[in-house]
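Structure below; questions to follow.
Naming follows writing order (A, B, C and D), and every chain is counted from residue 1.
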Amino acid sequence: MAKVKIPVNKVQELRVICKKFNNDPGELINVLHEAQNLLGYLPAEVQEIVAEELNVSVAHVYGVVTFYSFFSMLPKGKHPISICMGTACYVRGAEKVLEEFKRRLDIKVGETTPDGKFSLSCLRCVGACGLAPVITIGERVYGRVSPEDVKKILDEY
Amino acid sequence: MNIIKLIIDDKPVVVEQGTTILEAAKSIGIKIPSLCYMKMDDLNFENKPGGCRVCVIEVEGRRNLAPACKTECTEGMVVKTHTVRVINARRTVVELILSDHPAECLTCAKSGECELQELAQNLGIREIHYTGEQSHYKGDQSPAIIREMDKCIMCRRCETICNEVQTVGVLSAVNRGFESVVAPAFEMDLDHSVCTYCGQCVAVCPTGALTERDYTWKVIEALVDPQKTVVVQTAPAVRAALGEAFGMEPGTLVTGKMVSALKKLGFDYVFDTDFAADLTIMEEGTEFLDRLTRYLDGDKSVKLPILTSCCPAWVKFFEHQFPEMIDIPSTAKSPQQMFGAIAKSYFAKKLNKKREDLVVVSVMPCLAKKYECTREEFAINGDADVNVSITTRELARLIRNANIDFASLDDEDFDQPLGESTGAGVIFGTTGGVIEAAVRTAYELHTGKHLEKVEFEELRGMEGLRKATVDFDGMKLNIGIAHGLGNARKLLEDVRAGKSEFHAIEIMACPGGCIGGGGQPYHHGNVDILKKRQKAIYREDAGKAIRKSHENPFIQELYSEFLGRPLSDLSHELLHTHYFNRKKLSEIE
Amino acid sequence: MSDKVRNLQELRNLRDELKGRLLLREKSKAPEKLVQIKVSMATCGIASGARETMSYLIEELDQQGVDAIVTQTGCMGYCYAEPTIEVTLPGEKPVVFGHVDTVKAAEIIEKYIKKGELVDGIIPDTYNTIDNK
Amino acid sequence: MAKFKYHVLVCGGTGCRASQSETIAANIKRAVAENNLANEVQVIKTGCFGFCEKGPVVKMVPDNTFYVQVTPGDADELVLEHLVKGRKVKRLLYVDPETHTAVSDSKHMDFYKKQLRIALRNCGFIDPENIEEYIARDGYSALGTVLEQYSPEKAIEVVKASGLRGRGGGGFPTGLKWELTRKSKAEQKFVVCNADEGDPGAFMDRSILEGDPHSVLEAMAICGYCIGADKGLIYIRAEYPLAIKRLKIAIEQARKYGFLGNDIFGSGFNFDVTIRYGAGAFVCGEETALIHSMEGKRGEPTVKPPFPAQCGYQGKPTNVNNVETFANIPVIFLKGADWFSNIGTPKSPGTKVFALAGKVNNVGLIEVPMGTTLREVIFDIGGGIKSGKKFKAVQTGGPSGGCLTEKHLDLPIDYETLVANGSMMGSGGMIVMDEDDCMVSVAKFYLDFTVEESCGKCSPCRIGNKRLHELLDKITLGQGEEADLSRLRNLATVIKDTALCGLGQTSPNPVLSTLDNFPEEYEAHVKEGKCPAGQCRALMQYVIDPNLCVGCTLCSRVCPVDAISGSKKTPHFINSMVCIKCGACMEKCKFGAISVQ
């Protein structure tokens, strides 16, 4: 795991986040959420600083980061694409849409395109089953996506 | 506490409220099979996540089967432990565990001692009906511990003991679902982490996931090398447990047979670490008295309390966790390292051989000793003072390889001069032993009076944290004793806060002291084994002619011929060391 | 704090006042022209373009001088017909329209709001609420 | 209506459209024109009335006359009799099944309005970001009444009398749960709202939090008062950013108006709410896992007892309820426990919100009284099956539930009946499937989900579900043997019997219920290597019909694995061993010579 150098100001902001939650180990998940928003992902060094500030073992923090699918130790793409694989979307063909994205971006689920522009991941359920199949790119939600639309959507970015 | 009456397998049982079904059944001789459950009250270690589900049994009126280890008995409960539904469930659960487990029993280090293996035999599993993908993890080989996590069954014992009892916090469950496993942060190698190699995780692991590094072959190579003179030293706690590996009752003292076996294996000189223990008492005792008198004379720069430094896991612990306090513990080396230093200087000169021609092997109850002898400050231009450290288990394997019928051996004596030791030396093997040995000598050196009663019962016992006051002819000395790194941390925090009222503190990383070391024959959670070993140690002490370290004639000879006096320049060079500020965070390459 | 409600009675007064003010709002200003439009702004509504529809409605009604209040609300349950809006002409029962993009919104303004003509695609309300049960 | 005197509403829902409701509308328009009423009568096509059994439906406005099972032929009579002469056409009026009398207009016919909104009462009616609209609809008066007129014990009695049961899926009586938490002695207790909603296909909690957050806050305060807690926590999944935003606004406003904070309503009772975020773990819907997640740990459940009511968050007594359960509380105090217990069935009173999705026309969020039948939900409210396909099964309870088929359609929906038939209420996800859905791959889909979301702590779920998934994988690839079916059943039963928490104990339900309800489909996969629904790609055989194929070689050129052989102008052949079933050839063939067996 290559040692990632975190810019000093970011390290400072990270400690401020921990202090905002008054270094309470019970707030670990809230701290990790804000840390991931700050840096886009949670490399090893970030986890060590959080562990130190919250006075818990680094192994404990790593155990929590690897448990929840929301946290990622790899940088996500500038535009993170998430395909909803909930039942309603699955029944309405989400798998075909996923295949199309994989084919066009030539990456597997969980990977990021070499240029760092797109990353592909599956989501359990966005909760917009009326628009099945649903995909989200960043905050934007696309409904009733068919494999043919994939090209059009990608060209928007 | 009110009383609960219930029925287990048609037998009435009466238990206190809060007792689990597993314990209630055990109290009437019904042993419900379990796997992840392990409880050692004396060491306040309890692991019952209720995760393996092997101990499920039927409770009347309940929809699904209940885990016996977690379900507390309630009034009028009717329990059945081996209905068809239960047996089918139990077999299926064990088959599932086996389906994600490498079938390498024949070559596995834990074969014969593996609780999963024993369970599969008892249940008569002949076929695994549900096979499929198996989880694989990166292998990890540290100087002391090998991690083969493909064999991990997620019982969480190692995670519990590392975090709750030892408070070192190296291990945690990681990932989720089928890929979950217990591992250090970022699944890094142990020797990059803050692991102290205390080996307690190896001591409790039910399978071959965590085992000790095996150096038996390295010893054999030294033995057959004609140019090398092979010297062996055996730790105090080995003689109180080695017998168990050959079916003897725990707590049987096998000192004589051990020496005889070592001679038969071809060691040139069979010596005793206890000799170096007496030497440690001389050095550490003098250092303590020196600090004490300077402290009493008002020298504020003196740091009290003095902390013992013979346990390498405890040393690595404070180097990582309390780096700002590395100048408080005694600078004396551990008996293993003192023995190595003396053997390769004083004894080598006696044999007029160069230090490189000598191979020093140590037999230890401990895994951390394997790491200790590799520390660079314990070697001179690449030649380590102690070349190889093997555990009690490895010695047992060597003896079996040599087809020696251990039980029928006649007793033999250690060789001289480094084989001679006192009662004080041997009690190093148990918690409270080192400080009792030190007090025996320090009393006489400080007061000049003869110490009539050498036994200090107030320093003995199994409780994690103990306090005692010893009277040095009017001067009251407060002694603190802790075993298990969690307890050590409590004492350390007091010292750091300047609240500690102790003059001297003895700390051992392993619960029970070295008799409970990570390299000892497996106790499978039975604390009585540790207590029997402890009694054996004190029995050996009682049977010794000389009971105080400074009365050991060969120690006196060593000083007169070679070292001069305790804390002399030569003593400092050979027998003392210093410690390093190991960053709390791991160094990730 | 001025807005702190100190007891139940105060709450009841506040409720009646608020209820009244909502009705008052209708009575005071030109009641006959006042139109209330609620746009379903749940995640799916927004995802199907409810935000564009809402801003279009506000601008368009403003330009055409129609006195209307456009507010957001939660999900009405018609996922298949998002974006959905509910239009209440003064004195009329509320009517729900489905698939309301900007084009449909224009048609609703022209036909229903201005001339009271119904528009294809209205969604009959299919549930009772606890008020009338 | 300024201009038009009359409106003729013709149901344009897909259900009715399938029985030519469009031609009916056209005929009526023609008849209206012929009787030159064009400028007085407007004919409008509407969305689904929710009464599809009796479709096509025509409704006359403003007199609300409701005509059912209208045929294109009736158009002229309708216009003549009703519009011209103003007389109702008796034979087309709806006949009330109980009273057997013709019902003149839809006002007394609320029978056809199957839904009753209690939890969703304010959703779609108030602006969620404006507390005043919530107050205008009796918001917080339940809290005020409880604080001023009820003792905690008496308030709990009301909740118990209402018969409200947990809407998160388990159905544990809410009043009893509050009472148990009240009984545990501790100086600090917690109220927790479970908004993790991990079930795929379930989004009712989101809609409530986005549409009516205050009802949840009010209920949590009432619960705090009853059990003696001054702290509330809402555990919400990070995938709901809008709900989080609206919740934060609601909490701020509630504090400003004194409904949260200290000395609420001058009663000396303090209560405040903070938000805790999930981070993508379905298992955190389980109470104890949720609590561990809120404590900053891995979301791993622990064995119960002890129940959270005795020892929960930070080891203190904690009362965990689902969003929808809380949303019902204020109404129970406003309308009274008897009013609530008379709705639904005696053992499962009140209503349940369902997220109707899948192959149904009107995908939507519906709230129906308990006891409503599946047929009413799927066909009357849901508008029947999409594109006229045949109904096959409905899956309730998400990955912990099971599939119900044709024979269950007339069963009343309540906790006991669903469990008795191999499914469960769950949080309310209801996915409808039609003839094109292969039940074995649906079971595999749910197992895929559970294997991914299992926390990994206990071996039956960590390893057992993985093996179930692998067995189903084998079957859908056509490599299943006879013995696999009995292995599947035994393994599923043992997992259900031995898993540590709710997730593991219910994860085999999709397998067991599809095995029970569609044994022939499993056999087809295993014995004949066929997938009756044609969904398992591995079992599809792409075949060229020799007498349709003209040998244009287009298919062989597009085939990525060269599985098609044959020279120009002669019928081609697909080698099924090489074919990867991608379907590219079928798309290219202009002569329809390629089909799937």
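Quick note on the criterion: contacts are C-beta pairs under 8 Å (C-beta built on N, C-alpha and C of every residue); 3 or more make two chains touch, one makes a residue touch a chain.
Here is each chain with its UniProt name: B = NAD(P)-dependent iron-only hydrogenase catalytic subunit; C = NAD(P)-dependent iron-only hydrogenase iron-sulfur protein.
Predicted model only: the values in this text are computed from it and were never measured.
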Note = Comparing each chain's Cα average against the average over all protein Cα atoms, the nearest is chain A
Task = Please give the pair of chains with the highest number of C-beta contact pairs.
result = C-D
Task = Between chain B and chain D, tell me the centre distance in angstrom, where each centre is the average of that chain's C-alpha atoms.
result = 57
Ask   = Hey, how far is the Cα centre of chain C from the one of chain D, in Å?
value = 26
Note = Per the C-alpha means, the centres of chain B and chain C lie apart by a whole-Å value of 74
Request  = Starting from the mean Cα coordinates of chain A and chain B, work out the distance between those two points in Å.
outcome  = 44
Ask   = chain C: which residues touch two or more other chains?
value = 43, 46, 78-80
Remark   = Going by residue number, chain D touches two or more other chains at 206, 240, 281, 298, 357, 363-364, 453, 455
Ask   = What residues in chain A touch two or more of the other chains?
value = 56, 60, 63, 67-69, 126-130
Inquiry  = Which pairs of chains touch each other in this structure?
reply    = A-B, A-C, A-D, B-D, C-D
Note = Given the complex, residues on chain A that touch chain B span 1, 3, 44, 47-48, 51-52, 56-63, 66-69
Remark   = Residue set of chain A touching chain D in the complex reads 24-30, 32-33, 54, 56, 60, 63-64, 67-71, 85-88, 90-92, 123-130, 132, 139
Complex contact set, residues of chain C against chain A = 43-44, 46-48, 78-80, 82
Task = Using the touch rule from the top, collect the residues of chain B that touch chain D in their complex.
result = 49-53, 56, 64-65, 67, 70-72, 85, 88-89, 92-93, 96-97, 99-100, 129-133, 153-154, 173, 175-180
Residues on chain D engaged by chain B in the complex (per definition of touch) = 281, 298, 300, 302-303, 305, 451-460, 462-464, 466-467, 470-471, 487, 490-491, 494, 496-500, 505
